[in-house]
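First the structure, which I've put down as C-alpha cells, then a few questions once you've had a look.
Per-chain residue numbering starts at 1, and chain names A, B, C and D are given in the order in which the chains are listed.
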Amino acid sequence: MPWDRNQMAARAAAELEDGMYVNLGIGIPTLVANYVGDKDITLQSENGMLGMGPFPFEGEEDPDLINAGKQTITELDRTAYFDSATSFAMIRGGKIAAAILGAMEVAENGDLANWMIPGKLIKGMGGAMDLVAGVGRVIVVMDHTNKAGDSKILRECTLPLTGKGVVDRIITNLGVLDVVDGGLKIVELADGISEDELRNATQATIVT
Amino acid sequence: MNKVYKTAAEALEGVLHDGMFIAAGGFGLCGIPELLIDAIRDAGTKDLTIASNNCGIDDFGLGILLQTRQIKKMISSYVGENAEFMRQYLSKELELEFNPQGTLAERMRAGGSGIAGFYTRTGVGTLIAEGKEHKDFDGQTHILERSIVADLAIVKAWKADDTGNLVFRKTARNFNPPAAMCGKICVVEVEEIVPRGSIDPDQIHLPGIYVHRIIQGTHEKRIEQRTTRKKESA
Amino acid sequence: MNKVYKTAAEALEGVLHDGMFIAAGGFGLCGIPELLIDAIRDAGTKDLTIASNNCGIDDFGLGILLQTRQIKKMISSYVGENAEFMRQYLSKELELEFNPQGTLAERMRAGGSGIAGFYTRTGVGTLIAEGKEHKDFDGQTHILERSIVADLAIVKAWKADDTGNLVFRKTARNFNPPAAMCGKICVVEVEEIVPRGSIDPDQIHLPGIYVHRIIQGTHEKRIEQRTTRKKESA
Amino acid sequence: MPWDRNQMAARAAAELEDGMYVNLGIGIPTLVANYVGDKDITLQSENGMLGMGPFPFEGEEDPDLINAGKQTITELDRTAYFDSATSFAMIRGGKIAAAILGAMEVAENGDLANWMIPGKLIKGMGGAMDLVAGVGRVIVVMDHTNKAGDSKILRECTLPLTGKGVVDRIITNLGVLDVVDGGLKIVELADGISEDELRNATQATIVT
C-alpha cells in the first residue's frame, strides 16, 4: 500500500539528525515536524525565526508571530528572531542543513519545479528559489503521480524551474529516490510497493 | 531634529508624488505599515511602483491600493492571497516583477548599503535569470542582482524613541529593516514612541539614522491564517 | 546538540591545521577572542592566513601569533599599533593584504550569506582597485569585491545560551557577527553562558545557527588608549 | 594670523547643521566635537556606534566602549550599537551627511591621499576609503603646508589615493577652499591672511 501523507512525513523526518537546522515547506512538509520525536531539530521559518514552535492554543494567537505560511505559531526556549535579509543570508549561506519541500515536478537531473503554471497559477516563488539554491540538502516530498495519474518524476521538467539540479532526494507515496549520475536510484520502496510498480509510475530514468 | 509627526498624513506630506517608487515592510499581513498605506490611499497618489514581499489581501494592507488602482507595478515574491491582484494582472492593468524572497530582501539591504549589485546562485537556470549577467565563482554559476533604492520606505515597528531608534517585535520584523534601509526617505509607524534613553542601546534593531519621520498609532494587526491547536493535544 | 566545551583548547580540537584560513572578530583590542588566540598559540598551528581588522599589539591579541611566527598572511584594514608586524612585513616574513574596513566587514558578511561578490564604490581609483573588475552602475564606477569564507571563525561575545544564541556588549560587537557568519566552523568565547530561554528572542544579536562551539572564560579586556576627562571639566 | 588647531576645528563645526549624522576622523577632526554647541549632531564611530559621547571620567572607562581611534568613550541617551557590516552599510549607503577628515595631500580635482607613504608608513586605510566613497560630503581639515613648508594642496596627489575626486571642501590654517570645476575656489580666508598669502602657499590651481 502506498504511504499516506503522514507516512511520507514520517519518512522525511527520518532524514533529519540531531543538531540540524531545517526549513519545512508548506503542505506535507509541514507535517514532518510531528515526527521528529526526540531529535534535537531547530526549525527555521524564512520570514525571520529560528526555533519555530507548535500552533498556539486558542485565544493565544499573536498577530506578530506567524510562520512563512502566514499561520499563527509559538516560540520555544531556543527561539531567535531576525529580519528577512538575515534570514536569507543564513539560507543562501548554507547554514540550513536541509529543506523539505513540496513539488509539482522533479526531473532526473535534480531540476525542481514548484512555483508556477504558466497562464494558470501565478502566486510566486516566495523563498523557494533561495532555499533550493542555498541549503545543504534539498528533499522533495510529494505524491508520485498527479491527479491524472501521470508521473511527477520526469526526464525533464515541463514547468518553469525553481532550481536547476538542486534536488538530492525524493520521497513519494511509492518510495524514496536519490538523484545520482545518469538518473534516479531507488533507495527504498513503500510498504507493499514493488520495484516494478514504482518504475511504471516513473517517467524519469531509473539507474541501478 | 524633530522626527515625530502627529498623523500618517502629516508624516507623508511633501514626500508623495505620482509615479514614485515605494519600498514597504511586512510579510503577509504581519508587520505591515497599515496607517501609512491608508494615508497613501487617502492622498490618491497614482502610478506607484511598490517593492513589497506580498500585496496584502483584497481589503487590507497594500490590497487597498489595488482597489483604488493606485499601483502600477509590484515587485514581490508571493501574491497568492489576493484575488483582485490576479484579476488586474491577468487583464494587464498591473505590472508584476517576481523576485525570489531572499533576493528581494538583499536587494533592499544592498540599496541602503551602497552595494550596487551582488552575485547569488538563487534563480540560476530559471526564468528569474533571463537577461541577467551570469558569472562563475569557484566553479558555480551566479547571477548579478541589482540593488533597490526607493523614493520612500514605509515601515512598521513596535517601538521608537524620538531619535528614530527602532525595536521590532517577533516575526513582525521581517522586511521592515531592509525596506527602511533602502528608502531615500523613511517614514515609520509604531505602536509606541518612548523617550530617548529608554531603549537599551545594545537592543536597538535599526538605528535612527535610517528613520526620517515617525508616527504613533493604533494598529488592527489582522491575522491572515488563524491556526491553533486544542488544549487537550498539549 | 551540545555546543558547550570546557576550555578553548577543547573547543578547537580537530579544527586546527597548518595553512588554514581564520576569520577573527574584534576591533583593536576590543571584543577580541583572547582565549582562543592563546589556545591557537599553544596548539602551534602554523602558516595561518587571518582576516581581522587589526593584528593586536605586540604582546596581546593576534600580536601573540606574530611573536610565535604562526601567521603567514594578514587581511586587515589597519595594523598601525604593532611594531613586530611592521618588522616582519618589511623583512617580507609576513604577507599583508589591505582591505578597506567596510569592504572587509562586507566580504565576511557576504561569505556567510551566499553572496559570491558585490560591487562597491569604495576604493575606486586607488591601489585597492588594481586587478579588480570595474563596472559602471547608474554612471558611477564600482569594483567587484569577493566574499570571504574562512575555515574557522574565532569570535568573542558577551553572553551565549547553550544553543549558541549570542549577545554582544557595546562596541565590542564590531567584526564579531560578520566573522562568525563567514566561518565554516565558528568557535565563540563568552563571559557567561546562560540557560536557553533566558535571552529575549527579540534581543539575540546572532542566532545560534552560526555558532558551533562555545566556551565560557575570564577575559582580560585590555584597554589600548585609556582616554579620560577630568571631573571638573564636566 | 593663521588659524590654530582649535580655530580650524571650530570652522569645521560651522559646516554642520541640526539633525546631521557625522563621522569625525582622528587628529584635528576629533576636536570638532568640542565646537558643535547647541546643534543637534549625532556622531558616528565606524567601529559600531551612533551617538558617541565624551571621554569617560577617570575610573569609569569601559573596555567594551571605544571609538575608532581605540580611545575609551561614553554613550548618550540617543546611542545605538551595531556590528561593523551594518556600520559600513550606513556609511557606503550615504546615510552619513558628512565626514570630517585629516589628509596628507588633497588635489584640485578632489583626490585625497591620507593613508600611506610608500616605504615609510604602512598602517592601513582603516575606514577612510569607505567613508570618502560613501558619505554625503567630505570635508578635509589639515595644515595648508607640511613641515617643510610645501603645499599639501596640489595639482595632483603624489601619494597613493584614499579616494578619487571625493573631497568637497578643504579647511586649513589659512582658509577655506571648495573643489569646483577647473580647480579650487577660495571660500574664506583665515583672520589676517591675504588672498596672496593663501595663493602662494597653494600649488593647486585656484579659480575665481
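Everything that follows uses one rule, which is that a contact is a pair of C-beta atoms (placed from the backbone, for glycine too) under 8 Å apart; a residue touches a chain by one contact, two chains touch by 3 or more.
Every value quoted in this text rests on a predicted model; they were computed, and no experiment measured them.
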Both-way neighbours, i.e. chains that touch chain D and touch chain C: B
Pair joined by the larger number of C-beta contacts - A-B, B-D: A-B
Chain A-chain B separation of Cα centroids, rounded to whole Å: 27
Separation of mean Cα positions, chain C and chain A [Å, integer]: 35
Whole-Å separation of chain centres (CA-atom averages), chain B against chain C: 32
Residues of chain A engaged with two or more neighbouring chains: 75, 81-82, 88-89, 91-92, 133-134
Sites on chain B at which at least two other chains make contact: 106, 109, 113-115, 120-122, 168-170, 173, 201-202, 205
Topology of the chain contact graph, where touching chains are joined (line, ring, star, complete, other): other
Set of all touching chain pairs, with the criterion as stated earlier: A-B, A-C, B-C, B-D, C-D
Chain D-facing residues of chain C, complex: 27-31, 53, 76-81, 86, 89, 96, 98, 100-106, 108-109, 120-128, 158, 168-178, 205, 221-231, 234
Touch list for chain D against partner chain B, complex: 18-19, 21, 40, 42, 44, 50-51, 75, 77-82, 86, 88-96, 133-134
Chain B-touching residues of chain C, taken from the complex the two chains share: 106, 110, 113-122, 135, 137-138, 140, 142, 146, 167-170, 173, 201-203, 205
Sites on chain B touched by chain D in the complex: 1, 109, 111-115, 161, 163, 165, 181, 196-197, 201-202, 204, 207-210
List of chain A residues in touch with chain B within their complex: 45-49, 54-58, 60-67, 69-73, 75, 81-85, 87-89, 91-92, 111, 116, 122-130, 133-134, 160-165
